[in-house]
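Input: structures, listed below.
In the two assemblies presented below, subunit A is common to both, partnered first by subunit B and then by subunit C.
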Partner chain A sequence: MPTLETTRAAAGAVARRPADADARPPARRYRWRGRLAEVAPLIVLVALCLCIGALSPAFFSVRNAIWGVGNQAAIPLILAMGATPIIVMGSIDLSVEGVLSVGAMIVVLLCTNDSNAHDLGWWGPLLAVTACTGLGLVNGLVHVGLRIPSFMATLGLWFVGLGIGTVALGGSAVRVLDPRIRAVAFERVLTFPMAVWIATAAFLLALLLERRTRFGRYIYAIGGGEDIALLSGVPVKRVRILAFTVAGFFTGLAAVVAAAQLGQANTTIADGRLFTTVTAVVVGGTALTGGSGGVVNSLIGVLIVAVLANGMVLLGISPYVHEAVQGLMIIAAVALSIRRGGSLVIK
Partner chain B sequence: MLKVDGVSKSFGSVRALRDVSLEIRRNEVVGLVGENGAGKSTLMRILSGTMRPDAGELSVDGRRVVLSDTRRANEHGIAMVFQEQSLLLNMSVAENIHLAQEKQFTRLGLLARRRMIEAARVHLAKVGLEVDPTVKAGELNFAARQMVELAKALALEERTDAPLTILLDEPTSVLEAKDIDVLFARMRSLKSRASFLFVSHRLDEVLAISDRVYVMKDGMVVAERASDASTVPDLHAMMVGRDLHSEYYREARQAPPQGHVLLEARGLSVQGIFRDVDFALRRGEVLGIAGVIGSGREELTRTLFGFLPQTAGSLHVDGAATMLRSPSEAVAAGIGYIPRERRTEGLVMDLSVAANVTLAKLDVAMSHGLIAHARERAIAADWIRRLSIRTPSSAQVCRNLSGGNQQKIVLARWMTARSHILILDHPTRGLDVGAKEEVYDLIRDLSAEGIGIILTSDTLEETIGLCHTILVMRDGAITARFDAAAGAKPTQVALLEHMV
Partner chain C sequence: MTFDPMQARLNRRHVLGGAAGLMAAGLPSRLFAAGDKPTLVTSIRSLSNPYHAVWKVGADAFAKKVGLPNVTLVTEANSEKGIADIRAIIAKTGGNMVLNVDPNNTPDARPIVEACAQAKVYVVSWWNKPADLHPWDFNPYYIAHIEFDGVTNGGYITDELFKAMGGEGGFVALGGMISDSAAIDRRKGMMASLGKTPKIKLLDFQTADWQSQKAFDITSSWLTRFGDQIKGIWAANDDMGTGALEALRAQGLAGKVPIVGIDGIKAAVEAVKAGEFVCTVTSDPYWQGGIGLSMGLQASQGKFDPAKEPKLHREFNAKTVKITRENVDDYIKTEVQSHPDIDWSNLWDRVASPIAYS
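Our next item is the complex of A and B:
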């Protein structure tokens, strides 16, 4: 039990040196251990790059960095920006795939496409993001208002979203023909595709929210101890609803990029997104128990997942093996990150 | 015969038990009394196998035993009936009685349900409880659950040859008078089967039921008495022991409160818990609430912070009638709460000192709608200096700090939020002597700044030493009100008379 150890160590220090040093010995030990845990994902990322680079020199080419890693990481990163605050809060959003397919469906059906005569131009993506934000809000309201655990509330909306998306598309794939939408994914600005810039902007926005706003502070307070947050007068319910709404917004953004990259929306556009998102967040070092980690961790986590996927492609490993490796990775990351010593029961 | 010989136990620098020796003979009821923090619970935990002593020995019938866990304690005939009740409410009475002991009812890996229920019926008959063993424990009332626990403890006699010793930790605190009579009648009739160690705050009950009484104080056994040769005042005097040190509680700095009333309760009640509470807290006043567990004082403090809204009467903050429906409303009304459980209720341990200081009022660190980190650090640094919080920096995570320093950070949070009424819920629990004295100094500082303080404390000594006024509660009502001006403090015995 690390917490108990610290108390004892601190108390022992008082007994030995009553004057000025009661916080220091455990602090130093913790700082050292804490630092290591903080940089572990970064070390993993660097090691992974070096290993893959050694086995396949193509990995370090500029072309691969942009298209193989950067472009592939864009959508997972945008999704992770929404998922991170929720996981820091100790909750989870399982509705990513449902919300994303609704968003993608709206984009393709409202912009020039091969299924109907709509041509709303930029209104398409705007309405898609708005709708996804609204679905996020619904998640939050259901979770907080009806007092349903977040995983149940969002599990419900996942399938509601998938259902809506499938029905609206009539079960088939609809291609988006508006060149402006396609440009969202592929137009290059300063050598990088637009998708990478959108993801970068999403990251900076999430970082600002996390570090410099009330919302950011309060999600850590809730994740670290909801009772304490409540006792301090933090508007816990509002923050919870807001976190799910923010996640909806980022998912909407990801939906636009996904529709643009694929050039169409179909029933499988969102497949596997949830797992990749949660894996990236957790592998980055944000604990599912809440209260620690953050969007910088998630950036590193997304890169680890993307580099690994890219490496496997370069090395010619089957995509099914890749899925299995991702599964092992999430178990390993959780096993390493949870402070299990402290609690008697793991559910 | 269960014998405890020279047992000691420390938690860090706090010595919970020092060289404790006592014995429980066959077919005897032994009482154990002492103030909160005297070491009774620690001793019970050691006897029940949930905690190991640092030094000393335990023996059963002259043979040395090591009680490494509950199961081992059971093998040596020791069973505990827990104060907080340890039944699983989602399981039947029979399943509870045989929990973790199902092996005797299994054949080929399958449970013989009927035999289990029959066996449970036998054990329930011993305690005279007539309930269907297939009923869920959650459907029984508290008194019946306690009897089920007792039956569970008695079920032990079939599995061990050792003499049976049953530990009862505050068994009467949740019971009504008639249920207590039933419990005592059962204990008397069961004396032929088992010995009992009975812990209670209600001294008259202890004297009524036990043959001998041990008195504990500051982790030591200070007296052993035959019950029929003792009186309640005798026990009081021995529990309380040493004289008050007026210096220890900074009594010289206790100035009479003056100025307007910050918080006033008129006929404040929560149905079934406490009733008709009246008081007025003035600027700079420290108001203590004394009472044993179950007297309603803990609930009263919770009502004052919006956890438990009142069902009758009124509460006035700065003269305006206020209904506090949640802690957020209490915070908005200028009330701060310093909880006893710092780890679960006081600080967000993974956040920095600075973030914890500003948590209740983040506005102070905001500029243009964003958190200004430099400003936040400056605010925290100011409090670190003023309250001499020992931390490497304001960016330090609170988990790494000692209890006394954590307590100061909670205080800094409320000062930052400009709370003018503070509820201190056992503020010195778990702190060592030096840290306690710092908290006492802080209380005097706050009082001098005109902040009104409501205090509940683990010891009467502390309540008397720190407070201007003391309310004594018993069974949900205020039974006495003491003026405790510096130099004219009431005695602990005077308070105790109204508590039990």
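Our next item is the complex of A and C:
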């Protein structure tokens, strides 16, 4: 069985050298183009910052770094931390908006609010994260157990989530009246709001999962070639379920921050989140086909999207051309970072 | 005693009627509703937005008051579904119903009205209809079409904002979805007021697509761009206004920069009370949900003939309710903590102006 031995050895080689900066997937033949592709998102981010900064000096102010970019990037970053492993695996999670609205709903309905008499304080966020993790688990179980493509399984749960939110909130917005919950977003530690620190913690946790655990390496093995991973003894099903569960956890975390930041929740609280999340992950250089990229890429991707949105307002670009500019920037970023040599077919 | 055939027939009818009643009691209430009582039908976009959720509460309250069965259809922003559902309920009730409809899209109003007129169903429409479709073209069944004047409301909140700013300084404005007619009208009203006030400057206009979160992000960026040049924030709806308010709060500015919005959602009303919002305006969806059904019911009971009403009663902009510091306490007492006791028989007391088609 020479073939099997080789692939197992290859998988093992990658798994054994997780944090090694020189660890290059063996398939990379286009050296300098590969290198360029790797740093392209960073170049885009730096160029973007320089351009906007040159045109609007306010961009480089401390206030803008905190509130204009940092605070705005917090929720997208937390969401991207959940979405990245799934996209690296070659799957997709479309349920972000549904799960997030369920989480936000639980937070507001259980803390002191203007709709019912509950006053459970920290139990709200805790239960919200638990419930969202549970929904992530359901995603994974449906996807793996019933062998439904992740696209359809999570699309279904998206609307299940919105449905639960609609029934529970009855269409109205419920406001948070508990100052402890609001503090999750606004309490300042070392001049940065708590939301930024939570996002940083989420990033470090995701980095740890990706670089220092077997789970993290299996994700790449599955994304690179699921059949080979399976033959190599990777517990594909378990890893898949776990990845969706982890995504649910991060979405729950984002839900808590979102509810705290806006001080209210309604069914539409998550509108547009899916698009920003997937955009950020892809712009960061993680391919939708799976097997490459990672959470560091996603961090850069999220920053690109946040800086772009912030820059549009700072430069006073007319809202009528906003979306077109945003779309062009996304195409440019992806065009720079995509590895064309690697695949024969572009779908 | 002589035999009276008339009496016998009546008796037999009573017996039959009683039997039918007994049978009907065992049937699902749905079938029973298709009897003599007209069904009150409401068709709206969805139940997941506060506006239409309150609309349904108003419809339910009216139905309860008159003791009639009441059905709410939702289009989920799908025109075909909206029209098909209305056709289905007309068929199911055999035309024994009245309809209060907020058409999903402008062209939808025509097929809906045509289906109603054909089945002799009285109908009232809101917000959306083609300019060349008029209630008097379908006498007497198309009772009325009602809107709220976005230009006037947009202008009103602008004037209130300028007053709160002391008549000078710069302000920023958050618009709704670019192509939305309500967003366009409200902005038009704002620009008109701005033109009359030379000392006030519009620093920037951005669209936040009616969303709180987007408004939060844009306002955060504005604060770094303009800093304390911002003396006021104009929002085309309350959801965006509250998003802007939270962005101010994050930087310790809540209450220091006046905000105005439209819709009268709870969070905005509370903010008016707290002095963080200057004012908001509501079309009163609770009233909309009940009054449209009341018009239909009264017309179907022959209490008035829509064909004999003046054109201003058939196609009009309705009055809005303005919520400012002065009346906010009363408003919270009667509209937020409980629901107002509206006189549903007073059909025309909120007629404001004819609808102008440009």
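Keep in mind that, in the parts below, the second predicted complex is superposed on the first by the 288 of 347 C-alpha atoms of A that agree within 3 Å, B and C clash if a C-alpha of one lies under 4 Å from a C-alpha of the other, contacts with A are read in each partner's own complex, and residues count from 1 in each chain.
The working rule: contacts are C-beta pairs under 8 Å (C-beta built on N, C-alpha and C of every residue); 3 or more make two chains touch, one makes a residue touch a chain.
All figures in this text were calculated on a predicted structure; none of them were measured in a lab.
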| item | value |
| --- | --- |
| Touching partner for A:Gly225 - first (subunit B), second (subunit C), both, neither | first |
| Which superposed partner A:Arg63 touches (first subunit B, second subunit C, both, neither) | second |
| Touched partner set for A:Thr268, first subunit B, second subunit C, both or neither | second |
| Touching partner for A:Arg211 - first (subunit B), second (subunit C), both, neither | first |
| First (subunit B), second (subunit C), both or neither touched by A:Leu110 | neither |
| Touched partner set for A:Pro235, first subunit B, second subunit C, both or neither | first |
| Which superposed partner A:Met194 touches (first subunit B, second subunit C, both, neither) | neither |
| Set intersection of subunit A contacts, subunit C complex versus subunit B complex | none |
| Complex interface listing, subunit C residues touching subunit A | 46-50, 52-54, 175, 178, 204-207, 209, 211-214, 216-218, 220-225, 227, 239, 242-243, 246-247, 249-251, 265-267, 270 |
| For the subunit A and subunit B complex, residues of the former touching the latter | 3, 6-8, 10-12, 14-15, 18, 20-24, 26-27, 30-31, 34, 208, 211-214, 216-217, 220-221, 223-225, 227-235, 291-292 |
| Subunit B residues touching subunit A - in the complex, by the definition given at the top | 11-14, 305, 326-328, 330-332, 337, 339, 343-351, 355, 359-362, 366, 369-371, 373, 390-392, 396-397, 399-405, 413, 417, 432, 434 |
| Contact footprint of subunit C on subunit A as seen in their complex | 56, 58-59, 61, 63-64, 67-68, 71-72, 114, 162, 165-166, 169-173, 175, 185-186, 193, 258, 261-264, 266-269, 271-272, 309-310, 313-314, 316, 319-320, 322 |
